[in-house]
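Okay, got some structures for you below.
After this come two complexes, each holding subunit A, first together with subunit B and then together with subunit C.
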Partner chain A sequence: MKAIIIARQELRSIFRERRFQAAAAILSILFALSVFGAWDYYASNEKQHAEAARTARAHWDNQEDKNPHSAAHYGTFVFKPIYPLSFFDRGIDAFTGNTLFLEGHVMHEAKHRAVADRSELSRLGALTPAFVLGILFPLFIIVLGFGSIASERESGNLRILLAQGLRPAGLFFGKSLGLGAVALSLALPFLLLGGLGLAAPGAGAEDWQRYGLMSAGYLIYLGCFIHLTLIVSAFAQRANVALVALLGIWIAMCLIAPKAVADFAAWSHPTPSWQAYQEALQNDLKNGVDGHDPSAEYSKKLEEETLKKHGVSTVDSLPFNWDGFIMQKGEEHETYVFQKHKDALLAIYQQQQNLLEASALLSPYLLVNLSSQRLAGTDVHTFHNFLAAAEKYRVALVGELNNDLMLNFKYGDWDGKRDKAFFASNKKFEYRGPAFREVWQISRPAMALLFGWYLLSGLLGLFVFQRIKPI
Partner chain B sequence: MISAKHLTKKYGDHIALDNLTIDIQPGEIFCLLGQNGAGKTTTINCFLGFTQPTSGQIFIQDEDVAQNPVSTKKHLAYLPEVVMLYPNLSGLENLEYFSRLAGFRYERGELLAFLEAAGLDEQSGQRRLSTYSKGMRQKTGIAIAMAKRAKALFLDEPTSGLDPKASNDFSLLLKELAQEGVAVLMATHDIFRAREVATRIGIMREGKLVSVHQGDALTANELEKIYLETV
Partner chain C sequence: MFLLQLQYEWKHLSRNGAAWLLLLFLGGAMVFGAYNGRQRAARQKQAVQALKTAQDEKFAALEAEADSIVKGLKKMEQWWLDPTNPLTVGLLRKGGGTLVIEPAPGQALAVGMSDLQPEAYAMLFGGGAARGSSDYDNPARLALGAFDLAFVIVYLLPLFVIALTYNLLSAEREQGTLALLLSQPVQGRRIFVSKMLARFVVLSLMATLLFVPSAIWAGIGAGLTAQATGATLLYGFFWFLMALAVNMLQQNSAFNALACIGAWLLLVVVMPALVNMLAEKVHPVPSRAGYENAMRTADVEFEKIKPAILDTFYDANPALERKPDDAKSPRDWWLEELYLLDIRKAHVADIKAMYEDKSQSHADFARKLTVLSPALVLHDYLTGLAGTNRDAQLATQEVLESKAQTWLDWFAAKYAADAKLQAADYAAIRSMLKPVQPKQSEGNSNGLLWPVIYLTLMALPLILGRRRQMMAVI
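Let's look at the complex of A and B:
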């Protein structure tokens, strides 16, 4: 009961402060700008990607008549879909390529990273709603709350408060409730405004579920900062000391921790250089790998086996087109080698990622960032899910073409051609991204840890308040 | 009502309170005189539970303060030397807030009556505290202390910042409260005021209660002489 009286007073007192009015105005403008800018980003990119994907497929469908294997070399592009929630949290989207060239024999890297077209400054982060809520909002809480105990101590109010028979727990709950209500008074309109951004492009029910969870994550995160602010304010003898200490914590948690953790992960699990990677790959392609013979010897051996199996002496007597057969076998071998190297690289990334997740405990910002990106579909997991789907599609498409060459063309008939009708009937790349269940499953640990942070910081707050010194 | 037995407080080698024993009955006003650092504020802080004594016991209405830090506060009200309160709130709002924290829900009329008794009219009560003078803030603090209807009153230099008229009004108010059976412990530098209101006057030096005098047995001049000889 006392807690509610204190919370009401805190709310009333803060609302009447110039400091609140100014900070709220600035934050609101930034948030409105971020939602507008982010929505613009989403709308234009989504349109661009969808259009580019349609154009790429049209190019494939309408390519000149050619031999199916030549078509495999002609290749096609696929584009990573832009998810509705990427407007809220762009995650690593700017740093990963968002388009992939698919052709026979080669597994390409994703290309066209947005940061490549930007100045160095943009690395500081785009003004997205996630940035405003994750980085700027805690500053707002600190500015309003650093004095909530320290100033009361300096003014002597704390002595009168405690002399009124107030319990320390009541004071803590009251103050955190009050600051929480102030934060909610701004954060809720923000989240509703963000929801409008989601409504406009016509998001599905799953997107709303994701957005709901993201919003909950940000609110818990802000709760963590309210607890931290109160703890430091109760601990510090003077309000200005509390402010400096809290700014230090903010810098460490929101600015330094993400960088430090990423650098540490890259240092402890280094990835091979691009050159070293390519060298090892080409080496394996040329000389064979894992008991596989080099291509030349392999095809010779395969030829002997196949002839023997079909009881014929030359490849042109086989019941199918040997060229198509050997192309597909070669493709399978190349895919195996590419996949092997890719998997090794992914394993290193996974180790880095594991370390990153383990060290996210250090800062609630890392935790909210992790869960927010995952729910928005702009995280590493979703990106790799796209790459895997694209590779699966590449293998299937090239297989379809080689199979056609093998079954429907004569041996040595490299002039035989397929027309538009055939190409238009080829498999299409239909990718929807990981399902909500899967996304929730991988977002859950970070969300749970974030909630743990909230509870533990609350318990620490209660502990510190029990020992509060009014003088 | 208010009693301390063999109260000692040490900060390392420094002795802030040295074996202080005091017993204040309902209706009594006990004034502590002494220089800065004599231990007056430390004594009050011990009664409020803000300072843990090194040894000795403190009781308010027969309840041990060390064991019941929260429930003993029910019986007491406190007025510090400097009253800041909340500058964004009016005097009335400040009074209402602190009263509600103490568990009292007063009507507006009752709140205004407390302010009136402390020397603030209705118009002043509606203004924000940021516009108040030090004396007006002090009066709001007095109203807050009175509104608690406590049996024990602790005052730390309550009249500092009050003009002579307000100071005199405050003395009259204290006497009224004492007549209603409130026990008052007041730390002050104001020898004249102390002699006027006090039932008993204790003079402190270096943490010791050196002497105790009946308030009406001495003239102000005599008291001043004793005081100057003591400190």
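Let's look at the complex of A and C:
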């Protein structure tokens, strides 16, 4: 009950302060600007990517008559999907290629990173709702709460409060409730306003579920900062010392830690250079069937085995077209090799990611950033989910073409062609992105750690308040 | 008088535990930034060296094989593997030359766009292709940005200056020592100016002593370090004047701290994000998703006009016989393709230009907006100095494209003449493969103009309001 009274008092005194009015006004303007700036990000990009996907398919369907294997080289393009919540948190979107070329024999890298079309200034951040909630909102809490206990101590009120029999736990709960209510009075309208972005066509029930969890994540994160603010304010003898210390903590957690940890992770688990990656890849590719080089060692070996198996002496006596067969065998080997190296690279990313999560103790910002990106579909996992689906499709499409070559064309008949009707009947790329359940599963550890941060900082707050000095 | 003040400020700060803590923090950040710069430079040097070695080995092997073929010691059945065939060696998929790009000399100072810059440029028949380790970098790391010296200077140095200046006058007033100081038989203005200058000299000395060794250790040359130090001190002076201007408002230290941090937040954290948002709104850059489709559509159109273009080719080369497609030898086909290359390039030039123009308009507009914050002006200056900004990237790209054209023309001429590559040709090939030095951008757009304007703006309240404010303080 006393905690409620304290909370009400805290709320009233903060609301009355010009500092609150000024900070709330600035933050609201920035949030509104961020929503305005990001409002059409999804709609515009999604439209362009959907249009590009339709055009790419039309190119495939209407290509000139050609041999199935020539069509495999002609290839097609698929495009990174843009998710409705990407307007809220762009995550790594600008740093991953948006176009993937699919052709026989090769697993290409996605091309055209948006950041490459911008200047170096774009590396200094973008004003998005996630930026306002993750970076600026904690400052709002600090500015309002730094004197929460320190000022009471300076004015002598703290001694009176404690002398009146107020228990330290009650003081902590009251102050955190009060500060929490102030934060909610702004965060909730922000989150409702942010939700308007989901009114865009294409957003479904799952996106609302994701947004609900993202919002919860941000609220827990802000709760962590409320606890931290109270702890430091209780420690500091003077309000301006509390302010300076809190600002130091904010800078360390929100600005320094993300960059420092990412750099540290990269040096601890380095990714290979282009040359090293390609060298290893090409070496592995050499140790297998090359569909385009029948004289290669492994191709010769395969030929001998196949002839023996079918009891014939020449490839043109086989019951199928040897060209299609060897192309497919080569494709299987190439796919295996490309996948092997991609998996090794992803394992390095995962190690870096683990380090990032393990350094959660340093900063709850790392956790909210990670979970927000995952839920928004702008993280590494979602991007690689797309790449994996595209690769699966490439293998299926090229397999379909090789199969046609093997079963419906004669050996050596490279002039034989397929028409538009055949290409239009080929498999289509249909991709919807990871389901909510999968996203929730991978977001859970970061969310759980964030909640752990909230609980631990709360317990620490209780501990510190138990030892609070009235003077 | 000034020396006495200087001595006092030095003693005052050297006995201040918080100042030492801040110094330690800034020093640690500088060392970490410099370490990162060293690591990046070492990694890039290693990657570049690996590319050079691989290329040297490849061409040495090709040359030896070509020599054996020319001397009749070896036969090569498949033309696409023949090292005496200019087309195979110079332009086809498993051939081609690679221009290695040396790392920018100042990338340890400011990473800028260098973490996305390729280390090499492959010159192939279909055009150039970038080869970069950033293809395999974790995009999450790229998105978080680099912890480089520029980050320490642009973001953290102002905090250091603010922390040691925000209560320069307010603390004296709060402790009652300001009135005492002004009651001395020395002109108040002189005390004020000396105190300011002395504090700035001490801060500058600290910043320089931290920055210069870090920059040198990071591998940035002395010239660049000197220029960067100058810019750093100018930037630090801006924040010093800003903190003094806040002091002149005669509020308490907590207000001063909040006001200074508010200014830092606005100019260093919010303004860059705002500028990027504005640039995106005013000059949106289309997604490149449509780019490849547009190129493919152009290709389809080109195939339709190709027979007419080839008429010109055969008219100009009456010695060549025009054959139906199914009767063409690979050589017939490649001769046509080599002729068509430039025309094809011109055919898609509009598409490329459209994307590049939009991107350039966006970048130009964003750069114009840098005047809104000294942090942006400094960032722009440092990336320009380091040779890691967009301009430097485009200038290097221009060199690469020009060298690739020379390469293409050389091999096309050899192929057209039906020449066989020999030892002398391989020497010429090697000379075309010299590593490319990254280009510096041509000066910084803002130069010294904006820093001077900022400093004047900041100094105005001090100059105009000094006498009145000083009197009010007493």
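By definition in this document, the second predicted complex is superposed on the first by the 460 of 471 C-alpha atoms of A that agree within 3 Å, B and C clash if a C-alpha of one lies under 4 Å from a C-alpha of the other, contacts with A are read in each partner's own complex, and residues count from 1 in each chain.
Heads up, the rule we're going with is that a contact is a pair of C-beta atoms (placed from the backbone, for glycine too) under 8 Å apart; a residue touches a chain by one contact, two chains touch by 3 or more.
Keep in mind that what you see is a predicted model, and the values were worked out from it rather than measured.
Once the two complexes are overlaid on the shared chain, A:Ile231 sits clear of subunit B and of subunit C alike. When both complexes are overlaid on chain A, the residue A:Ile220 reaches neither subunit B nor subunit C.
With both complexes placed on chain A, subunit A has more residues touched by C than by the other of subunit B and subunit C.
Applying the stated contact rule after C-alpha superposition, one finds that A:Lys2 touches subunit B and leaves subunit C untouched. Once the two complexes are laid over each other on the shared chain, residue contacts for A:Gly165 go to subunit B alone; subunit C is not touched.
Once chain A of one complex is fitted onto chain A of the other, the partner contacts of A:Ile471 are limited to subunit B, with no touch recorded for subunit C.
Across the two superposed structures, the residue set of subunit A contacted by subunit B and also by subunit C is empty. Those residues of subunit A that touch subunit C in the complex are listed here as 19, 30, 33-34, 37, 44-45, 48-49, 51-52, 55-56, 59, 64, 77, 79-80, 91-92, 94-96, 98-99, 101, 109, 111-127, 131, 135-136, 139, 143, 147, 239-240, 243-244, 247, 251, 255-256, 258-260, 262-263, 265-267, 270-279, 345, 348-349, 352-353, 356, 379-380, 383, 415.
Residue ranges on subunit C touching subunit A, taken from their complex, read 29, 32, 36, 39, 43, 46-47, 50-51, 54, 112-113, 116, 118-120, 131-133, 135-147, 151, 155-156, 159, 163, 253-254, 257-258, 261, 265, 269-270, 272-281, 284-293, 296-297, 300, 303, 326, 355, 358-359, 362-363, 366-367, 370, 376, 379-380, 383, 388-390.
Within the complex formed with subunit B, the residues of subunit A that make contact are 2, 5-6, 9, 12-13, 16-17, 155-157, 159-167, 469-471.
Interface residues of subunit B, counted against subunit A in their complex, comprise 45, 48-51, 70-71, 73-74, 76-78, 80, 82-86, 88-89, 93, 97-98, 100-103, 141, 144, 148, 154.
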